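Each of the next two complexes has subunit A plus one more chain, namely subunit B in the first and subunit C in the second.
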Partner chain A sequence: MRIGYYPGCSLLGSSREFDESVRALAGALGLELVQVPDWNCCGASSAHVLDHKLSLALPARILAQAEAAGLEEILAPCAACYNRLASARDALDKDPVLAREMEKVIGRPATHKVRVVNILEVLDRFKDTLPGLLKVPFAHKVACYYGCLLVRPAKVLHFDRAEDPQSMDRLAAAAGAAPLDWNYKTECCGAAFSVTRTDLVARLSGKIVADAVRAGAEAILVACPMCQSNLDMRRTESNAYLGADHQIPVLFITQALGLALGIDANRLGLQRHMVPATFAPAAV
Partner chain B sequence: MAGVTYATTTESLAAQVRQHLGVNLSHCYQCGKCAAGCPVAEDMDMTSCRLLRLLQLQQPALDQRVLASEGIWLCLTCETCSTRCPQEVEVAKVMDFVRSEAIARDVAHPRSRDILSFHRAFLDSIRTTGRLYEIGLVADYKVRSRHVLKDVALAPKMYLRGKLPLLPHLIKGRDEVKRIFQRTLGRRR
Partner chain C sequence: MSRIGVFTCHCGENIGATVDCAKVAACTRNVPGVVHSVDYKYMCSDPGQTLIKEAIKEHNLTGVVVAACSPRMHEPTFRAAVAEAGLNPYLCEMANLREHCSWVHGKADATTDKAADLIRVMVEKVKHNEPLHPIKVPVTKRALVLGGGIAGIQAALDIANCGHQVVLVEKSPSIGGHMSQLSETFPTLDCSQCILTPRMVEAARHPNLTLMTYAELEKLEGFIGNFKATIRKKARQLDEKLCTGCGLCTTKCPQKKIPDEFNEGLGRRGAIYVPFPQAVPNKPVIDKANCTFYRSGKCKVCEKVCPTGAIRFDQQDELVTLDIGAIVLATGFKVMRTDKFPEYGYGKYPDVIDGLQFERLASASGPTLGAMQRPSDGKAPETVVFVACSGSRDRSKGVPYCSKICCMYTAKHAMLYKHKMHHGKAYVFYMDIRSSGKDYDEFVRRAIEEDDVTYIRGRVSRIYEEDGRLVVKGADTLMGGEPVEIKADLVVLATAVQAQDGSEELAQKLHVSYDPYHFFAESHPKLKPVETNTAGIFLAGACQAPRDIPETVAQASGAAAKVAALFSRDELTREPQVAVVNRLPAPMFSYCVGCFLCQSACPYQAIEQEEIRGRDGSLLKTLAKVNAGLCQGCGTCVATCRTKAIDIQGFSNEQIFAELMTL
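Our next item is the complex of A and B:
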């Protein structure tokens, strides 16, 4: 199986373990990742806040690059990139006038037919082969945290349920974990306010961590670099807000699945986390 | 306040929201569900629900209050409000529109400055290299916002974990990206 790959900027820097674990997992599953040639940043929240047209044009160039490379579908593991790319594609697909305008802005024609998929959608295609590949079941109680960008706006993304989604829980169960029922699955972590309003991020992320701990989770699983860094890198601040000392690790779903397939922890980038990804030996 | 009205109803923010977004604000019946689910409602000077009510009244003074509010800059665009609205009012899109109008009319709340500095630093990084250069972004933001000492303890920890590459990635299509900026954001500057 072959799929276009858009890593996005975070996966080259502050969340490189997401890229490492996606690549390692793809190798183990026999999925060939073809990188979108000379890709640019999707614009993330910043283009979106400052200029609507820019927030469409940057993804439009990425989609055009993928199309020119003959790719029909691209995987964007970063939930923010996935959301921006899928939203732009949807807007251009629905509005031919806007689509022609964007062709002028990016300076070349494009059909905007390239599909954009997230990591949970892609991994779901391996649900039948995964159990056969299991070597070291990830036998831990986990809180699957989806955040905002994978499921909202539902009218554009058409992925899973907007409230109480299940796709990551199913994957976690396939890896041998016990996904828990908890309250903060799709609450916002504070997203792009990590630098500008760290106080808000400490509160919002703190509540998420506290509820996962309350539910009895041994790890929080995520599929978004912003969620991961707010729950992991901002733990000092969120623990200070809570007046607690929670040490629950925050893993990308690809890291948990990688461990279950017997892939070396360092190849999955587990050593890069701020909160050490170590587990109590208690079995489920 | 009641003395000043719009000469024509097309001037109101509500009318512009309808024209540009296709969102009809009269569909809102003030149930409060948007504000109930909003993760930052308690920090806002006016909640999403109240903001929609002020816009519905189509009064210049009330529109001004919305544009100058601090709360619109605390919105995280998490889209919980739009998702839960029983009348399918796209509240998050309205927030987006109100913010862009506040910038365009130069009436944005002073506390929006740091948030806007961050976004401008972010976009400048992309304009130059094609991709986000995280060290450059943080340095640029510190200069713009004058929060020089913010997170100084975090950077070395990130560097040690291989999370802060020192050099930017330069894409080949940098000229293309620059043209995209000129043809979109450039018109506003």
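Our next item is the complex of A and C:
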């Protein structure tokens, strides 16, 4: 199987381990990742608050690049990239006038037919082969955290249930984990306010960590670099807000699956986490 | 030779402002067949009508064209005037100069020309008009009321009190409907059972009223005044004549854990049960899906304990066919269930309940005997959150309409709770408070001001469970969107009112229209609120739209009045614009070839087969024949007929062609 790959900036910087684990896992599953040639920024959280057309033009160019490279589908592991690309594709698909305008802006024709998929959707395609490849079951109680961008807006993404998604829970179960029913699956972690309003992020992410711990989780699984960094890198601040000392690790779903498939922890980038990926049973 | 009079109306400024009516009247005089043409400011007024009547006599007119507004508005007015002057009313036609010309065009010569054209067309039609006579059909003076809630009970009692026979059909084992489940009623807080149960008893005892509970309409045929209804009386597995309603069987039934419909699943019942102690009739039914005997072939405890030997395990459903003159639809509503709300836990939290469940919790006849106890562990809830508009006015996830009753019953719920738990906290999340009605807003103010209920304007985004309590997250939009988080013991969702299950099928069975949400459609939103588009079928209560009790009762009495008016006559008069199959003096020579495509096309089952036999009794030909009582004059058969053998009286092919050819 072959699929277009759009790593985006996070996966080259603060979340290198997401990129490493996606690539390691893809190798193990026989999935060929073809990087979109000469890709640019998706616009992230800045473009769409500054200029609506800029927020469409940036993803439009990425989609056009992918199309030119003969790709029908691109995987965007970062939830924000996924959301921006899928939203732009949807907007251009629905408005042909706008689509023509964007073609002028980016200086090339594009049909915007390239499909954008997230990592959970891609991994779901391997649900039948995964159990056969399992070497070391990831036998831990996990809280699967989806965040906001992976499932919303439902009208655009058509992916999973917006309020109580299940796809990551199914994957975790396939890796041998016990996914828990908890309350903060899709609550906001504070996202990009991590830099400007760390106090807010400490509060929002703190509540997420606290509820996962309350539910009895030994690890939080995520599929978004922003979520991971807020829950992991801001742990000192969130623990200070909670007045607690939660040491629950935050893993990408790809890392948990990678471990279950027997891939070396360092190849999955586990050493890069702030909160060490050790799985002491959580104190309830 | 036709002698036609044309009467052009200015309709004040409505037509006169853009059409030169005097010029229209003048040039119409030259149309062949027209012998008289005048214009007048208000043709529908008394002097205008007199103008027409006198002209008919003076000019010995054989036809009349009134060029004015839409025939929907004043055709009956002008036809009555023409009839008074001694002319057959169906020789009068209207040219619609207002909606079809003056209202849609600006002032111009072309507008005046178009008006003259419209009149010319109508003159050609009138030339081909034939005198028609209204159709008379007999009336069966027995009404059928479908649904035994307060709407059905009220309508049935009103009709019965007018001296007419009524059959009240209810699908569940007892009449009473949703009103019997309510604890207290707004805006007076009087007990629902205390005002309803006497009516239920009255219905059971009324000599003109026949109750058919645990029964459903199977099939309906016929037309206004002459319906034939087939009712399925579902087997109660009981000889109702022998049963004394002692209730011994219900207490001895070994099945005790079946969720109780009357208590909205908050209580339990046996497999043989009476829905509630005040049920009418007070006779049990066996729930065959859950009965041990029907599932395993063993048990029959109820039969053993029954002192009168009334249990009948071999009883079958019974079909009863009744002649019916009019029908009142009063099949009520249902509420959206809590499992429709992902953000409120998909129905997985036992302490997130809907409004009807709260009614049962608050009711003296409910599973807790009226004590405030939450479903999960029976604890008295110290904090209760009420969420209005759960699913209502929600285009993305629920229904777009307002469910109308929730603002009031939520205020009532909060009050009932505070009256039972003085120290408890009650919060209401709302969008707007819609409390228009007599003493309604005062009632809501009382909840806020006297009973100290906290109203928060904002939506609830999420509910989840934490340490045995429910965390309700929302926003207070009057405080600048400040997030609100309340730890509650019980959450009551005022879920949307929806059409009863099976409404669509029932509407199709009865040929009545329904809206996209499966509520039955009234004939006119303002002027015919209790009629349906099918003559002889009327509406009462929440089967038409969300309604509260006072409105339901008023509408039920309205529907009953319509039925009584219908039954006040011995025969009905119908407009004669119905289809007729060409039948030359010797019916053998009818153009009809007996293909019966018309029969399959007719939406009203109005086409029958007629056998033409020779003198020796041999079958010569089978022709289509229209039942004038059933035909609604829609013309579908005319369009379908391959040999042009069918015509609508007053709208024949010949007339339509004549109209077109004159243009």
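Rule of thumb we're sticking to: the second predicted complex is superposed on the first by the 280 of 284 C-alpha atoms of A that agree within 3 Å, B and C clash if a C-alpha of one lies under 4 Å from a C-alpha of the other, contacts with A are read in each partner's own complex, and residues count from 1 in each chain.
Just so we're on the same page, contacts are C-beta pairs under 8 Å (C-beta built on N, C-alpha and C of every residue); 3 or more make two chains touch, one makes a residue touch a chain.
What you see is a predicted model, and the numbers here were worked out from it, not measured in a lab.
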Fit or clash - subunit C, subunit B, common subunit A: clash
Partner chain(s) touched by A:48 [first = subunit B, second = subunit C, both, neither]: first
First, second, both or neither for A:214, with subunit B first and subunit C second: second
Subunit B versus subunit C as contact partner of A:75, first or second or both or neither: neither
Between subunit B and subunit C, more extensive residue contact with subunit A: B
Contacts of A:248 with subunit B and subunit C, given as first, second, both or neither: neither
Subunit B versus subunit C as contact partner of A:204, first or second or both or neither: first
First, second, both or neither for A:275, with subunit B first and subunit C second: neither
Partner chain in contact with A:183 - subunit B first, subunit C second, else both or neither: second
Touching partner for A:222 - first (subunit B), second (subunit C), both, neither: neither
Touching partner for A:164 - first (subunit B), second (subunit C), both, neither: second
Clash-bearing segment of subunit C, relative to subunit B, as chosen among 58-66, 274-282 or 454-462: 454-462
Subunit B/subunit C common contact set on subunit A: 162-163, 187
Complex contacts: residues of subunit B adjacent to subunit A: 39-40, 43, 74, 76-80, 82-83, 92, 96, 99-100, 103, 114-120, 122-123, 126, 130-132, 134, 138, 141, 145, 150-151, 154, 157-158, 161-165, 169, 171-173, 176-177, 179-181, 183-185, 188
Interface residues, subunit A side, partner subunit C - complex: 161-164, 183, 187, 211, 214
Residues on subunit A engaged by subunit B in the complex (per definition of touch): 9-10, 12-16, 38-41, 43-54, 57-58, 61, 104-107, 148, 152-154, 162-163, 186-188, 190-193, 195-198, 200, 204, 233, 271-274
Contact footprint of subunit A on subunit C as seen in their complex: 342-343, 346, 462, 464-467, 471
